[in-house]
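Shared between the two complexes below is chain A, which has chain B as its partner in the first and chain C in the second.
Presenting the complex of A and B:
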C-alpha cells in the first residue's frame, strides 16, 4: 500500500498547532509511520513541496508572502486542512478587524515600504479548505483521530455539538450560573470542555456551531450584567470572522468598531 | 569579487526568517537577519480590553512559550493593580515555568539542533540510526507537557493560571504521579547532558554582555532583578536602560542596552547563575561556563534541563496544596511592569490600566533582544568560514542561528519585519 504524501506548513502564527502534532509524544513515531512526510519546514531541512495528498496548514494570512505560499500549496495538494484556529478563523490576530485602528496604528510600519501587511484573514478567504481541525490549540486527540481516519480511507467527520455537551459529561458546574461569560452554548465542542475543566469560561476558540443562537447568548450575557462592548469583544476574539451576524447584533453607533 | 547569500526560508526554527549576506573581496559588507513572519500587533489588540483578559490574549503570541506570556502578563497586571499572590501560587507558577522550559529545551535540542551536529536534515531522518535518542526526547517533552498540563490545565495556552492565582488546583495523586515520572526522567536528562557534552561545537567566541533575571537565592526564574555584567538593574526601570528601535532599511527591530547588543537565554542564564544550579547540574556546568561561545547555548539548555527536573522533584516532594481562590484586584487603575525568564530568555510585559481597561501595552520578547547579537555573531563568524563552499557556509550560519533557539513567531509580532 502506498503511503499518503503529507505536508505540514505554517504561515503567520505561533507554531502551537504544529507543536500539537510534535507533542503527540508516545504516539508520534507510530503516527508518522502511517504517512510519508514530504515537507515540514518547522523540523525538516529538505522539503519537497511538489505534490501532496494532504497538507495541514497552520496560521493565518497576514502578508502577501503568506498568501502566495498558501496559493502555491493549494495547487500542489489534493486535500487542504486548516489546522487550528488561526487557519480556521484568524483567531486572536484577526480580532484586529474588530478593534479601533487607533489601537494599533502606532505599531504599523509606515516608513518601511517593503512591509506587505494584509488584513489578517483565515485561509478560506483565499483558497478552498477541505477540512478544519479547529481550536486554539487544536486537540491532540482530534489530530490523531483525523490522521488515522484518512489513512484508513475514511472521511473525517466534524463535531457540531456545543461545548456544553462535553462539559456536562465532565460534571462541571455551569459557569454561566456564576455569571462568568461562558460561550460554551454557541461554540463547537470536541475539545472535551478543557477550559471549563480548568476553571476558565469558554472563549469560543473553535468557532460557532451551525445552529448557534447568538441573540439568546447576548441576552444571557446582558442579563448577567456584562456590558455590550465587553460581550462584543468576547464574541469576536477568536472567531469574529465566522460570525457575520454579530455585527448586526451588538454593534451600534456607540459601539462602532 | 562579490558573493551574495540569500536564505529566504530558514528551516527548523520557530517562525519564519530570512538572511541576506553580501561579501565583497573577503569582507562582510552586509549581514541582515530578520523575520518574515506577518505582524500580529498584539500590543494593539489588547488595548481597550479588560485587564483580566490579558493573560488569555497574550498567551496566543507563542505556542511553545505560552506559559511565559501568561505568567509575565499576570505578574505585570498584579504589579499594576497591587495584587499580592500567595506562596502557593508562586510555587505552582514555578512548576509551570519549569515544565515549559523542559519541553521547549528538549524540542529545540533534539528536533531543531541535534540533526545539524550529526549531519542529518531532520530528526525524522535520524530515526533509523538514532531512534533511542528521539524516544528520549519525546519522553522528556512528555514530562514537560504533563507538568504544564497538570498545573495549568492544558499543555499549550494554559487555562487555569490567571491574575491573582489559579482557577483550579492539581489533585494530590496527579502531583505524586508527576514526581514518579520526573524521577524516572532523571537518567534521560543525564543522558542528554552527556550527549550534548560530546558534540563538537565550532570554536567561536565573541565577548557579549549576559543579561537575565537574577535572584540571589534561586536560579533565574520569575522574580529578582536584571543582572548584566556585574551590575544589577531594577526591572521596573527598564525604559531607562533598554532601547527598542527600528532601522529604516534594515529589517527586524532591535533592542539594545547603552547602544550595545546583549545576550539573553540559557547561555546568559547559566553564565550568570551557575552557582545556583542543583548539584548535578552544577557539576555538569562546572568546566564549561562561563562561556562566550554562542554554540554552547545547546549545552546550557541541556544543563538547565537537568536542573529543571531536579528542582521540580524537590518542589513536588514537599508540596501540599490547600484550596485557595485567585486573589482579586482592589485597584482599577495602575501601571505595571514584569520581566521573567522564558525558555529563550528575558520576557517583558508592561501595561497601563485605566478604569479596568488596558490603555497601553508593551512587550519585548527574548528573540527581539537577541536579534542584534545573532546578526553581529554571524558577521564575526563569516570571515572564518569564507573559504568553504557556499553550501557549507549556509550550513554553518544556520547552525549558528539555530543555536540561539530563536522564535521568530514571537519577535515579529511587534516590530519591523521586512526583507530586501
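Presenting the complex of A and C:
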C-alpha cells in the first residue's frame, strides 16, 4: 500500500493547532509511520510542496504571503483540511471584521514596511476546503481519529451535534440556568464540553452548528440581562464570520430579539 | 402488604443505617437536583433535574475494547443499589424502559445495572413544579416501598416482597400503622394533557411557535426519563487501543437520521421537534398500546426556552 502524502502547514496563527498534532505523545511516531510527511515547515528543514493527498492547514489569511501560499498548496493537494479555529472561522483575528472598519496597518507596523496586510479571513474565503477539524485548539483525539480514518480509506465523519449534547453526557447542570451566557446550544460539539465541565460557559470556538437558531440564542442572552454589545462580542469572538446573521441581529437598532 | 410509619426525625438515621449495606441514591441539590449516594442531605423541593434513568441506561456504556487486532468483549458488571425518593413519574418511566430493554429486547448492559436494585418511592403530595402533567398519564406502581410525606411522619406502604423484606430487616425504625392507603392519599392534582389522535393535528399552525423557539439542543431528550435512543461509536484512545461505546442519542439533531450519502430524513427542525413529542404521545402508543411519556415535565423544565408543548397541544381545538 502506498502511503498517503501529507503536509502540515501554518499561515497566520499561534501554531497551537500544529502543536495539537505534535502533542500526540505516545502516538506521534506511530501516526507518522502511517503516512508520508512531504512537508511540515514547522518542524522539518527539507520540505517538498509539490504533490499531496492531504494537507492540514493551520491559521488564517492575514497577509498576501498567506494567500499566495494557500492558493499554491490548494493547487498541489487533493484534499485540504482546515485545522483549527483560525483556518475554519478566522477565530479571534477575524474579529477585525466586526470592529475596526479602517485599516491601521500603517500605525501598527510603522517600522516594518514589508507587511502587506489583508482583512484577516478564514481559508474558505479564498479556496475550497474539504474537511474541517474545528476548535481552538482542535482536540487531539479528533485529529487522531481523522488521520486513522483516512489512512483506512474511509470518509471522516464530522460531529455536528451542539455542545449541549456532550454537556449532558458529562452530567453538567445547565449554565444558562445560572445566567451564564453559554453558547452551547448553537455551537458545534465534539469538544466533550470541556469548558462547561470546568465551569466555564461555551464561547463558541468550534463555530455554529449548521442550523444554529441564532435569534433564539440572542433572546436567551438578552433575557439574562446582557446588552447588545456584550452579545455581539460573544457571538463574534470565535466564529463571527460563520454567522452572517449576527450582523443584522446585533447592528440593527430596531432589533426586537 | 401492610402500612407502617416512620417519624420524620428518624429518616436520616434510617438512610444512614441503610447506606451501610449498599449505596442509597437520594435526590441531592447541587447545581441541580440529582440522585447521588446518601451523604447526609436530601432534597424534595423540586423534582430531580436528572432522572434515575442514567443509572440503568447509562450515558456511556463500553461494549468492547480493541487492542491491536484483538477484540475484547466488556462484560457488564453489576452492583447493589438502593434508590430512595423516586417519584411516580420516574418509577413508571423505569417500567417503560424495562419493557424496552428487558422485555422487547434482552439488553445485557441494562440488565446488569437493573439487577439488584431496590426502589423506594416518594409520593408527591402536591406537584413539585408547574410543568408536571402526570395526572391522566397512567402512572403505575413500580416500587418496593412507597413513602407518603405527612406533617410529622412518613406513611410507608409495602408494595413488594423485596420491600417487605427490607422493612423486616429494619423493623426497629418502623411502626405498624393501622391504616390503608386510600385513593385520597394517592390523589394529586396536576394539569393534564388533552389526549386525542395527535396525527390529526400534526400540521396545525399552533406548533410553529414551539418550533421557532427550539434550538435543537437535545436537552429535552437527555433529561427525559423515558427516551431510550442510543448510537454506537468507535473511540480511539491511542492508535492501537480503543473502545466501542454506546452513547445516548437524540432525535432532535440531524445526525440521528443521517445515512449513507449524507441523506437526512428529518432535515427540518419542525419535523425533529414534532418527532419527539409524537413519539412520546402517539407513535409509541400505536406500537405498544401505552404512552411512553409519563408527564414528568422535565422536557419543559430543562428546555432553555421552556417550550411548553403541553399547553400548545391543549390549546389546539
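In this section, the second predicted complex is superposed on the first by the 237 of 257 C-alpha atoms of A that agree within 3 Å, B and C clash if a C-alpha of one lies under 4 Å from a C-alpha of the other, contacts with A are read in each partner's own complex, and residues count from 1 in each chain.
Methods note: a contact is a pair of C-beta atoms (placed from the backbone, for glycine too) under 8 Å apart; a residue touches a chain by one contact, two chains touch by 3 or more.
As the structure is a prediction and not an experimental result, all values here were calculated from the model.
**Student:** Clash or fit: how do chain B and chain C relate after the overlay on chain A?
**Tutor:** After superposition on chain A, chain B vs chain C: fit, no clash.
**Student:** Taking the superposition on A as described, I'd like to know which of chain B and chain C A:13 touches: first, second, both or neither.
**Tutor:** first
**Student:** Applying the document's definition of touch, where does A:30 land relative to chain B and chain C: first, second, both, or neither?
**Tutor:** In the superposition, A:30 touches chain C alone.
**Student:** For A:145 in the superposed arrangement: first (chain B), second (chain C), both or neither?
**Tutor:** The second partner, chain C, only.
**Student:** Does chain B (first) or chain C (second) touch A:50, or do both, or does neither?
**Tutor:** neither
**Student:** Is it chain B or chain C that touches the larger share of residues in chain A?
**Tutor:** Chain A has more residues touched by B than by the other partner.
**Student:** Given the touch rule stated above, what does A:184 touch, chain B (first), chain C (second), both, or neither?
**Tutor:** Touch status of A:184: second partner only.
**Student:** Could you tell me the angle at the CA centre of chain A between the CA centres of chain B and chain C, given to the nearest 10 degrees?
**Tutor:** Computed from the C-alpha centres, it is 110 degrees.
**Student:** Please work out whether A:172 is in contact with chain B alone, chain C alone, both, or neither, and reply first, second, both or neither.
**Tutor:** In the superposition, A:172 contacts chain C only.
**Student:** After superposing the two complexes, find the smallest distance in angstrom between C-alpha atoms of chain B and C-alpha atoms of chain C.
**Tutor:** Least C-alpha distance after superposition: 13 Å.
**Student:** So which positions on chain A get touched by both chain B and chain C?
**Tutor:** 26
**Student:** Touching residues of chain A toward chain B in the complex: what are they?
**Tutor:** Checking each residue of chain A against chain B gives 10-20, 22-23, 25-26, 28-29, 32, 37, 40-47, 60-63, 65-66, 91-93, 95-96, 99-100, 103-109, 111-112, 114-118, 120, 136-137, 194-195, 197-200, 203, 230, 233, 237.
**Student:** Considering the complex alone, what residue numbers of chain B touch chain A?
**Tutor:** Within the complex, chain B touches chain A at residues 9, 11-16, 36-45, 47-50, 53, 56-57, 60-64, 66, 103, 107, 111-112, 115, 121-125, 127, 131, 134-135, 138-139, 141-142, 145, 152-160, 162, 166-168, 246, 248, 407, 409, 414-420.
**Student:** Which of the residues in chain A end up touching chain C in this complex?
**Tutor:** Those in contact with chain C are residues 26-27, 30-31, 34, 141, 144-145, 148, 159-162, 164-165, 168-169, 171-174, 176-178, 184-186, 209-213, 216-217, 219-220.
**Student:** Note which residues of chain C are touching chain A in the complex, please.
**Tutor:** Of all residues in chain C, those touching chain A are 30-32, 34, 49-50, 54, 59-60, 212-219, 222-223, 235-236, 238-240, 247-248, 250, 253-255, 269, 302, 304-305.
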